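This is the structure, below, for whatever I ask next.
Chain nomenclature is as follows: A, B, C, D, E and F, assigned in order of appearance, with residue numbering initiated at 1 for each chain independently.
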Amino acid sequence: MKPKPGDDFIQRRSAQNKTVLQYADKTMKRFLNLDHNAYAEGRLPAKSKELLGLVASLVLRCDDCVKYHLMQCFDQGVTDDELAETLSIGLIVGGSITIPHLRRALEFWDNLK
Amino acid sequence: MKPKPGDDFIQRRSAQNKTVLQYADKTMKRFLNLDHNAYAEGRLPAKSKELLGLVASLVLRCDDCVKYHLMQCFDQGVTDDELAETLSIGLIVGGSITIPHLRRALEFWDNLK
Amino acid sequence: MKPKPGDDFIQRRSAQNKTVLQYADKTMKRFLNLDHNAYAEGRLPAKSKELLGLVASLVLRCDDCVKYHLMQCFDQGVTDDELAETLSIGLIVGGSITIPHLRRALEFWDNLK
Amino acid sequence: MKPKPGDDFIQRRSAQNKTVLQYADKTMKRFLNLDHNAYAEGRLPAKSKELLGLVASLVLRCDDCVKYHLMQCFDQGVTDDELAETLSIGLIVGGSITIPHLRRALEFWDNLK
Amino acid sequence: MKPKPGDDFIQRRSAQNKTVLQYADKTMKRFLNLDHNAYAEGRLPAKSKELLGLVASLVLRCDDCVKYHLMQCFDQGVTDDELAETLSIGLIVGGSITIPHLRRALEFWDNLK
Amino acid sequence: MKPKPGDDFIQRRSAQNKTVLQYADKTMKRFLNLDHNAYAEGRLPAKSKELLGLVASLVLRCDDCVKYHLMQCFDQGVTDDELAETLSIGLIVGGSITIPHLRRALEFWDNLK
């Protein structure tokens, strides 16, 4: 079976997560758990929450976080137009300093599809 | 007529905007215009865009920006639960350093209602 | 009884915390709890953890967070010299942009004593 | 003699600086000295250096730092147009999150004149 | 013809820009255009504007942005001494956290020449 | 002799430092010197200072800075538990945006041992 784009990213992440859990104290474990749960379907749909996570990751300029939320957005059926509007808000709020992250985000999205 | 909460904030902002326009060059004017348009109803509803603006403002820790988007969220009919879920994502992404801004955000929201 | 420096800060904070809890969802409540527990005595003494919280707050330039950790440092018996060395590391790491926060930090500390 | 705009800011700053020096260790003192010298006339004119300090302060969103450099820019004869172009670059690089700081910057500049 | 240092960087950037334009909405396109125009010769010479862009990029710690402005600075005839003074201001404002970016900046500059 | 983990990192860093010194002006040289001295044994033990440097680097999300302080922490005899508690404070203060840096930090630490 051919590897899908993003597989690489997921594998590295998964290996690193094992190392994290090996060293993690209770605070760290609880936080990681809390982080996971924050995006669960609630009053806001899971899709909206992923877009919130995406825009927050873009303005804080974290490529790995952007990639992770792009994969979730893809699974949630976010369209190209919805993505563009979300990233545009991030770009306006965060300024030109986010452009290199925007480039890598859209390159990753283009490969995902 | 009794002043509404947020009136104060709007008035100061509006006076400052006049000063900005007095000094602004073309780049500045265009950016301000672009910023205004980025939140208009599109493929994503205006309400979703305001929540995106809010979470971006919280993680970047800008009280004035948070207040502005809270007022827009209020006008768009965002509920307490939707607000809490949005701010929670900002809190998880941005960490405890956002707590003072979260406090001021919810104090402002409580006054708005 | 004469009010002590910092009383004002604590009162406002405590009133705001009530508002936060009124709106908080489960994620927010859990995070606030986790944040509280992260500074408890562990393998590292509580005093060391407060200094870690202080330097992190200074480089991220959050005045309220700095004040909070200064009060905890004061209760943990941090000396003037230990404080200066901690703030100096924050200043070197974070640069001159932290200076206004450093000024307010030392003004607050001076009042605390 | 009528107080000039900015006098207030300078006085508070100067009082705080005394407190800083009272607690400062050698590292802190050396850094403050280094910070002062970095803007001295060199291969780049002092005026250019103040504009560099201003744009860095704006994108890092430090109001006190912005005010300080605005006063230096004023003394160096920076014109309204040069100021607008400098702030516009900061706005484009730093995004809409800098707008509240831009508003306060131009309000302060308007009072200075 | 031998490839010049920076060619690699420009090629990747240019390929990514094509992907960006493929997904960009009107807001994104306008911002990219505005960003491009902000550095045009005005009351401040283009060279001064590139130095402003460089220092803003350094304190915000964006390697790609730093590289881009270094190439523009090189084309504008910025000297080694002018560059050092500009980067020093960024280092003082932004602190030791900018040092890894400073290292990569000067390595890139050294290759450009 | 087998290369130790971190050797690679140190070599690149050392080569880049030579380039930095080649271009550095007096301000830059003095800052680099000051940065080096800030972590020397003082009223606070060198080990505590390295933990302060580490947490500051994590919340500011600088991988190279984190790696450098991890190597110093290792030399100062920091235990796994002390490291976990320090990183947990950084994670709580800085939020989920620090997680990718936390992963790389613990991967590096695991290799160091």
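To be clear about the criterion, contacts are C-beta pairs under 8 Å (C-beta built on N, C-alpha and C of every residue); 3 or more make two chains touch, one makes a residue touch a chain.
Computed from a predicted model, the values in this text were never measured in an experiment.
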item: Chain labels contacting chain A and also chain C; value: B, D, E, F
item: Chain pair repeating B-D, as identified from D-E, E-F or A-C when over half of the contact pairs by residue number coincide; value: E-F
item: Higher-contact pair (C-beta pairs counted), A-B versus A-D; value: A-B
item: Equivalent interface positions on chain B and chain C, same or different at half; value: different
item: Intercentroid distance (Cα basis), chain D paired with chain C, Å; value: 27
item: Centroid spacing, where centroids are CA-atom means, of chain D and chain F in whole angstrom; value: 31
item: In chain F, residues with contacts to at least two other chains; value: 25, 27, 31, 34-35, 38, 42, 56-57, 59-60, 65, 81, 85, 88, 91-94, 96-97
item: In the complex with chain A, residue positions of chain F that touch it; value: 61, 80-81, 83-85, 87-88, 91-92, 96-97, 99-100, 102-104, 106-107, 109-110
item: In the complex with chain F, residue positions of chain A that touch it; value: 13, 16-17, 19-20, 22-25, 27-28, 31-32, 35, 56-57, 60, 62-65
item: Footprint of chain D on chain A - complex, ascending; value: 59, 91-98
item: Of chain B, residues touching chain E in the complex; value: 25, 27, 30-31, 34, 37-38, 42
item: Chain A - residues contacting chain B, complex; value: 34-35, 38-39, 42-44, 48-49, 51-53, 55-57, 59-60, 65, 79, 81-82, 85-86, 88-90, 92-94
